[in-house]
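Let me begin by handing over the structure; questions about it come next.
Labels for the chains are A, B, C and D, by order of writing; each one numbers its residues from 1.
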Amino acid sequence: MRTSRLEAFSDGVIAIIITIMVLEMKVPHEPKLGALVKLVPVFLSYVLSFAYVAIYWNNHHHLMHATSRVNGAVLWANMHLLFWLSLVPFTTGWMGENHFEALPTALYGVNLLFAAVSYWVLVRVIVRNEGQDSHLAKAMGRDLKGMVSVLMYLVAVPASFLEPVVARLIYLVIALLWVVPDKRIERALRGASEGR
Amino acid sequence: MRTSRLEAFSDGVIAIIITIMVLEMKVPHEPKLGALVKLVPVFLSYVLSFAYVAIYWNNHHHLMHATSRVNGAVLWANMHLLFWLSLVPFTTGWMGENHFEALPTALYGVNLLFAAVSYWVLVRVIVRNEGQDSHLAKAMGRDLKGMVSVLMYLVAVPASFLEPVVARLIYLVIALLWVVPDKRIERALRGASEGR
Amino acid sequence: MRTSRLEAFSDGVIAIIITIMVLEMKVPHEPKLGALVKLVPVFLSYVLSFAYVAIYWNNHHHLMHATSRVNGAVLWANMHLLFWLSLVPFTTGWMGENHFEALPTALYGVNLLFAAVSYWVLVRVIVRNEGQDSHLAKAMGRDLKGMVSVLMYLVAVPASFLEPVVARLIYLVIALLWVVPDKRIERALRGASEGR
Amino acid sequence: MRTSRLEAFSDGVIAIIITIMVLEMKVPHEPKLGALVKLVPVFLSYVLSFAYVAIYWNNHHHLMHATSRVNGAVLWANMHLLFWLSLVPFTTGWMGENHFEALPTALYGVNLLFAAVSYWVLVRVIVRNEGQDSHLAKAMGRDLKGMVSVLMYLVAVPASFLEPVVARLIYLVIALLWVVPDKRIERALRGASEGR
């Protein structure tokens, strides 16, 4: 089976997730600056989550580009990733509305941690399906960036209870780390094209 | 007519259904654990419905893959399926918010029953369009799994009023039964490829 | 320019319209039959509008299938149709929540009237672009069904104020009239295939 | 990398943005004309923003049509545009609900200004990727219309505080200016086809 419909469905889900998050930013009833100022934490949490979901879409795009076929296991691993991403509007809204307090900040990290793990699982399932000699398998290698991210989330979650600002900084650093699209896959694709 | 635009539209509707369900999980106004704990039944009903809608997407994906052409009857049978699926966020929200009480649990089962019947109708309409000698027709055969599911819903709906927990368990068992994608269609497709 | 991306965008918008209408059916806070009974008018208006939007999608699908190229005028005529369809969730919700009273029932008809007119405009713009000798131009002919629908809406809107039930019946009859996909276009397409 | 999945994702996001804006038009609880009249400013702001988002989709459609390949920078420049567009439902709702008062009208202009700048950035990034000799590069030229729009937003934002009606008129004029799709790109494409 080809990847096209899997991509179309994932695009749809991710596009909806990234867009409905803005609905958590409730339109204030008064035309005052004070009403806007109150929304600043909600806005900042929206920006952060927009970046995260955009990163997932970009990496998903690169990953699918390097995937030649899907099977049932890939479909379910992909659904599993979409499930954790679908919770991002909820955890974002809770963190923003409560001004980045300890518990919501920790829950946000747990959400991102599960999303990262489910992305890692998706990559493994695809690599197994493509074969260990595929360009993708070689490109992903030990997946250092993925592992570092997971470790950083594991630090950020407990840190939320001690010093929420540390957790927020970690979330920001991980996002910046990933804004650069996955060079490894791009390199592998180029290798594949040249090999043909 | 080809299936591509039917798939694109169905993907869109299913992607929206699976994502707006999360909006029923209202963001609590306080950053307390108690606020999260209150949401546990809503979360569990969300997980269950996410799995069901994902199952429908997976099976729809397999079914369309084995479909070579659509006509007006197929378009309407597909719309009929999407109609029942579109009610899932409502019945899920009602069941979750009322902690799986009898009536909402029964209505949820009625919703799933109609979705199952409309999927069965869609398969029949496509098989009639493809011809009784098509690989799809042979693959679907007597559709044992579909019939068993319908029977189980017919048990679960009245059971909701006697012992809601039984109904919940039945919904869970049916979901697990279907998480495995439809091997019959996969087999038929393989047969079709080999026959060429 | 080809029709593919126009179709993709229209599919997205129509899929969202048909799905967010269900959000007007607010989840009741109590697990009582009475709470469901109160929602019956909202549910009925949802079913009616689901049918109408599905009809528009089906006809749009057939129309685009018979369209070989788009230009700026086609893009804008299509946007104009999507605009009126995008108001359907609002007019549906208003009619349902107010139990099909006179004014909301009339506004619903006005909405459907504008949608019908904008669909008619879209067809004309496409026919002009395709050429008067195209199969589509011949197939659409005088567009009797479209004109009858517009006339019926023009009767239904004032009728809403005298006897809302008459307006409701007219809306139902028009929907039934259109559930059958446009045979004329199907015929023309067949002619086109045979002519090749 | 080809543009197809970038288009699919952008179509999804833009389709959702244009459709969820209608959710800001809350269904009134009474079937009175007065309830509708109160919604007139919200409706007008919806019409304006529908036109703006439709313009962006049309121009995006033309731009992508003239784009042969995307890289990481294009993906991110596109995400940046989608981010500013995703805020349009919020700023539209705030302006409509507060009857086009000074501050919300200014914020709406700021939103449109950032969207215009991010579109301009996207065009530059694509032109750099396509090469200065590409048809697109020649077609865009100095991008007079884009620059005029930015200047007009820069006038409209402060004007909102002096005389909101001036700002509203400017927004209307810019929309009308853009309803005509970008002739330059169409011309370049024609040139490209003839050159082949």
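Here, a residue touches a chain if its C-beta (ideal position, glycine included) is under 8 Å from a C-beta of that chain, and two chains touch if they have at least 3 such contacts.
In this text, all values refer to a predicted model and were calculated from it rather than measured experimentally.
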Remotest chain, subunit A as reference, centres from CA atoms: C
Residue-number overlap at the subunit B/subunit C interface, same or different (half cut): different
Rounded Å distance, subunit B centre to subunit D centre (Cα mean): 37
Centroid distance [mean C-alpha coordinates] between subunit D and subunit A, Å: 26
Where subunit D touches two or more other chains at once, by residue number: 8, 12, 15-16, 20, 23
Interfacial residue positions of subunit C with respect to subunit D in the complex: 1, 5-6, 8-9, 12-13, 15-17, 20, 23-24, 72, 75-76, 79, 82-83, 86-87, 89-90, 93-94, 97-98, 101-104, 107
Of subunit D, residues touching subunit C in the complex: 7-8, 11-12, 14-16, 18-20, 22-23, 25, 27-33, 36, 47, 50, 54, 57-58, 61, 64-65, 179-181, 186
